[in-house]
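Handing you a structure now.
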């Protein structure tokens, strides 16, 4: 099976590892990492002064980061709800673009 | 099988799957996906008003998207022809950078 | 072997390939490629005039590229030394974010 | 792309690979959408709660992004088909 | 994430995968830090040597980026825990 | 990088991996070039055809990008060699 080549259910080398479940866990891990990295980058752009006169986060930056992360989570949740309500058929539409 | 060519035609688990052919198809699929994502991003930057006063594409945005995609394809084709005419030796040059 | 958990040292298809060592070499290759691509992009932003009135690098651009690459290497080295001196515990902190 | 030269095992394998890839691409599209809309819509960090104005902006941005992607997808498929036809002449 | 439903072999496998991934993520974080700080701090290419001012800026930027990432990580973990609790109610 | 400590099977394997990777890197470089040049050169969407001015700009941009990449590659190799020498002292 798969993108990352981990055995399949019949692969001799994967022993008693349930590959479907592993794969889903890995996809979830990738998703969480991707979102974490985007929050780091986005909130850095929003909150950090790029003059770099000192190496510590000042009070304003610290508070801004806390709010930025909370707001990003809320925004992420709202968009997720929206996509579920419209049936998330965008994935299918995207795939269709390749004429597969 | 896979992304980095592990397995191979003699791999027991790949059965009668021709891995060279699969791999090329997967590379092509990656390439097409990469270009599609770049067009989505680039044409969004060119055509979509970021005030987001409404959720629908207006007439101007819709027409702009159509032209942007067509133009991107044409630009992509021209650059491809150019690279082939100069022998596409940039790939070799890039590889050489790693002193391999 | 590898990055995505394919086989292990007991995998029948990897023969006498030392997978730990291959994996580290592949990680190093990925790292070098990633840095090279970032230098190409960053120094392009710093040095190349985007009017594109001609296809050759002019004198000023060429000199700028040489200095930009040298400076990037020096900056990279300084940051590396800094991270080692603070114990590079940022990796652990990042991982902790996922509650693993 | 044309997979008609593939045998049955290859087609099955390819279909699974593509399905995985579409899931990954969808997740990446989703998080890039959130990042892009958040960057455009949220600029006030005097509060940690999304204001109603910011929420409305996020919803419009998400809707528009999906419609944009769909439209790009449709044009992309047409251009691709044209390019393939041109190659076969 | 919750891996408690995994058997021993799966947990071992997952631990290795996560370890690899963390190494990759750390390397990517590192090079993105260098790129970001270089872009902000280095704008004078009349010399190939890092000036003392540029070096100071790079050090401050690196320190700040690490503290920023740590703080985002802490808030992220809290928000994640909250979201999980909310799901179980 | 130095693969001299590898045995024959490992060297063969590594050579294949590197070849694949170079192909992927080349494709990624190519599409990032097109994206970058398109962003700089194409700003008029009153027509779907590339104007001759836009086409000229794309060609110059592509040529310049390739020369830039080559020059960065040459400097990168030198700096890498220097860094390795310094490590062996």
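Read from first to last, the chains carry the letters A, B, C, D, E and F; within each, the first residue is number 1.
Just so it is clear, contacts are C-beta pairs under 8 Å (C-beta built on N, C-alpha and C of every residue); 3 or more make two chains touch, one makes a residue touch a chain.
Values in this document were obtained by computation on a predicted structure and should not be read as measured data.
Enquirer: Let me check something: if the centre of a chain is the mean of its CA atoms, which chain is farthest from subunit B?
Expert: So the farthest one, by centre of C-alpha atoms, is E.
Enquirer: Could you compare the number of C-beta pairs in contact for A-E with that for B-F and name the larger?
Expert: Looking at contacts between chains, B-F has the larger number.
Enquirer: Indicate the whole-number Å distance between the mean C-alpha point of subunit C and the mean C-alpha point of subunit E.
Expert: 15
Enquirer: Based only on mean CA positions, could you tell me how far subunit A sits from subunit F in angstrom?
Expert: That gives a centre separation of 27 Å.
Enquirer: When the centre of a chain is set as the mean of its C-alpha atoms, what distance in Å lies between subunit D and subunit F?
Expert: Averaging C-alpha atoms per chain gives centres 26 Å apart.
Enquirer: Subunit E: which residues touch two or more other chains?
Expert: Subunit E, residues with two or more chain partners: 1, 13, 17-18, 25, 28-29, 32, 37, 41, 59, 62-63, 69, 72-73, 76.
Enquirer: Quick check on subunit B: which residues sit in contact with 2+ other chains?
Expert: 1-4, 6-7, 12-13, 29, 32-33, 36, 41, 47, 66, 70, 94, 97-98
Enquirer: Looking at the complex, which residues from subunit E come into contact with subunit A?
Expert: Checking each residue of subunit E against subunit A gives 1, 3, 5-7, 9-10, 13-14, 17-18, 21, 25, 28-29, 32, 36-37, 40-41, 57, 59-65, 67-69, 71-73, 75-76, 79, 83.
Enquirer: Could you pull out which subunit F residues touch subunit B in their complex?
Expert: 1, 16-18, 20-35, 37-39, 41-43, 45-50, 54-55, 58-59, 62-63, 66, 69-70, 72-74, 76-77, 80-81
Enquirer: Which residues of subunit B touch subunit D in their complex?
Expert: 1, 15-18, 21-22, 25-26, 28-29, 32-33, 36-37, 39-41, 43-44, 47-48, 50, 52-57, 61-62, 65-66, 69-70, 73, 77
Enquirer: Within their complex, state which residues of subunit B touch subunit F.
Expert: 3-5, 23, 27, 30-31, 34-35, 38, 41-42, 45-47, 63-64, 66-68, 70-72, 74-76, 78-80, 82-83, 86, 88, 90-91, 93-100
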